[in-house]
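Each chain carries a letter (A, B, C and D) given by its place in the written order, and its residues are counted from 1.
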């Protein structure tokens, strides 16, 4: 139900991470091993920080494995921080505005998972988006609504806290609609200077999420692997699914946990605890009254 | 800013109307003479009634003039009632979910024109959509919101009255936001048994709209034209822009006017007068309160 | 490496065969069980005989499982004879001109498999296409070249014999280039009045191919299955892979075999034996000479 | 019938040239003033030299004016040398493999114009491509064949001479087929270190082509224009159509002329004179003989 990855470290040609790894994310788009779906062929997106103001994004409705332009961009763009997402659509259309990463100013946002019975909750959740942010929603995914809620609830000041409020709001809204197990997934966020990731499910096990181990550890464990020997001090990967079976190279991020990666590779973990919002009253037109008028 | 056409009459191969006319709508997609834009190359759509339940729709993000599949479908589909729309996007993305005709059950809906400053009104207008209809909005156009408002306000019982309520609601909402001249355009609606069209602008001249004249008149005026001599008793076309310069073959639909075309070709005109809706009070979450909690 | 199917019998809504079967070809596009690849997501095509002159074709670069237009067409087109192909590209680009079925006049052509080392043989094979047919090649697949060779070698008079000559020519050309095991696959051909299918590999087992059993047999074996009870006398399916595990409902077409299905459902089998062509001499410009001039 | 442009000079964000000019090439895709067609909406391509080995290319089948990814790339890619092409298809399909620039190793190639009656000449011209280069032809345009002929005839040693041989070969082939006025257009070529452009038509006026004037001249003529004041010493533009009406800023390249632009901005002009190739004899299979066998 989607796979994503983030690179944060020394500037590298994007293709080194996307294509030149044994089980990289483009390979995962066709042959995922750990995903809810083995095929993630319903479009994809790449967001990268580099030249120019803010991050660039490339969105495509084609499967990542066959997109000729992706190979071009990956070969000719170098970046110290980028996120790639491959999508397995569950209901919403395959269109560029439904492709991750979503962007707002300097911020990028990706998600693997879903809001359960989203069609029942969509209206209430969209109403909770800040009115002047409402028109920014261009597609029809749950993720874009989650992102705009998080922006409404303070993402740009404190990403983890804002996501805790956002998930809390979704869970409270779901309860009102008798929707169970509303939130499932992993989230990736960046502003170009730090990288945040969350693993959380309201019920049951959350989608998988991994971070690369300390570079020193990785190099010591795999002295024979020239690719790993090229890793620098502060390089860090966050992935839905490890790129290869390298014992000791990946650490699983625990359930209900948020991690923060700083430039230089330092990574902090903390518990992720959704928080609930209060209610208020507003006025709006009533369409059914109109019919009786 | 878009062109559309509707055919209602004897079953004909769609290509006869789309491609085998001197200045048909596919030609208009590249060389419009009367449109606000000469090029309508930002996707298109065809909706037709024929075999199967309800209308079929074909949406494409390519320009109509170059879409190979459209030529195939037009050559192999026969229909007594179909609508074609070519789009010149003004701000919203080129994606299939933004292509007209929009559909709900047996209903098709097309629009040429715009809701002014739609981004300022979008939230309030979407809130006025019936809650259980809200999740049906998949794209980001003003037209899809207008259609879902009209469905909310009774389109399926009385299309013209519902559009009068819808335009009234949009104008009232615009007034609250200090948006001037909010509604501009022509609308086409069908349920497969009748065809309705509206020409209306809050201010200034509305986009052009024409109906073909009585078939007898057309034939008498152009005895030399074999295409026109093939027209049957009850054939009727509604178009943004006439297909060719044939004196007497087209009648302009007046400003602020709605027309109804019945099977058999009978066409009635009536004035189109927007009506306003009352207000009501509802309860929702307040995102700004959450930040202060 | 592709899956295809053909329906020939009573006119049916295309969706009944494509979507309303437990393991139909659209499902196979995502989850093939018997294919060389489990995913066939690199575009697809539908060719059908019905209204209009000759067959219609719909080609799309999107995966079949997610293409909204395919669902529309399948629900609104009825046909007594249609072929559907889902593609797993092996090297050549994902573009509509590389999607099967290929068409020439009334003829449709599909292929599952490959010409080995096609890049080494492409020039010689294209030279063998009738000169006035050469410009019809619009894409870059091996299959389109095979089809145009078969047209050159008499497809329209005797499809099986023409394919025997075509495969013979490919095998002889391959031998000159030291290419081994040049031909692998199954082929489907129709002119709208009959349906032909071939299963053949130069070396080793050929790709799988099945025909539905006699309708009477199928009904007797599965009295509890309402779908199968609706089958008519002369209905026949040819498929790369059976739609469901129904004992006795499918018969495997043997290796190196061609089958002919006539209207009414009668099916004949015969051995498929490639035949070799003689050489001739022609004159052409020599580019290397030009450089020395 | 297409528009193209090339920038060669100081590294600039691509968007500065593509989007931030009054009548830049993206605007020309919708509103060309001097082209044979006013609309160039049948796909486009960008080729740029920058990071990574060789040039990167981005090809899209959407109109340039509406392609969201192009805006992203243009804003985030910086390059000292890039070519952009917007296409008005005349017969061949709108697909990425038909989009310019075409690439071979370090070389990029664009064309505005056509080979007349290309379908009559295509086979003979493709036969003249070096056999080991033949399989590189992936699309169906005349331009890709011209490019591969030029590569066959020495493009990488002497681009102008190779194009003279190529056009000569096309004209000779056309004469054999009674095709008149075979070559029309302008060509752009680069290897990343120099830029070549040709303007030539066998008969009648050739498509328009312009070079920007000396930077000093441009600055002196337009002291009030801040954009022009930012131009550096060695910046040079070659364009199908000037970006704006700036007296003295553009110089027309004469008919039947080739120009070479070196790093640093120096530009040389020379006459462009097609040269003819001799004939040779080769052996191939004869398909018609096969039918008589």
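As a convention for this text, contacts are C-beta pairs under 8 Å (C-beta built on N, C-alpha and C of every residue); 3 or more make two chains touch, one makes a residue touch a chain.
For clarity, every value in this text was computed on a predicted model and none was experimentally measured.
Colleague: Shared touching chains for chain C and chain D?
Modeller: Looking at chain D and chain C together, the chains touching each of them are A, B.
Colleague: What pair in A-C, B-D or C-D shares over half of its contact pairs, by residue number, with A-B?
Modeller: The same interface as A-B is formed by C-D.
Colleague: Centre to centre, by mean C-alpha position, how many angstrom separate chain A and chain D?
Modeller: Distance between chain centres, rounded to whole Å: 40 Å.
Colleague: Find every residue in chain B that makes contact with two or more other chains and list them.
Modeller: 68, 93, 96
Colleague: Where on chain A is chain D touching in the complex?
Modeller: Residue positions touching the partner: 13, 48, 50-53, 56-60, 68-69, 72-73, 75-78, 96.
Colleague: In the complex formed with chain D, which residues of chain C make contact?
Modeller: Contacts found on chain C: 92-93, 95-97, 118-120, 122-124, 126-131, 134-135, 137-140, 149, 152-154, 165, 169, 173, 277-291, 293.
Colleague: Can you name the residues of chain B that touch chain D in the complex?
Modeller: Going through chain B, the ones touching chain D are 30, 38-39, 41-42, 61-63, 66, 68, 89, 93-94.
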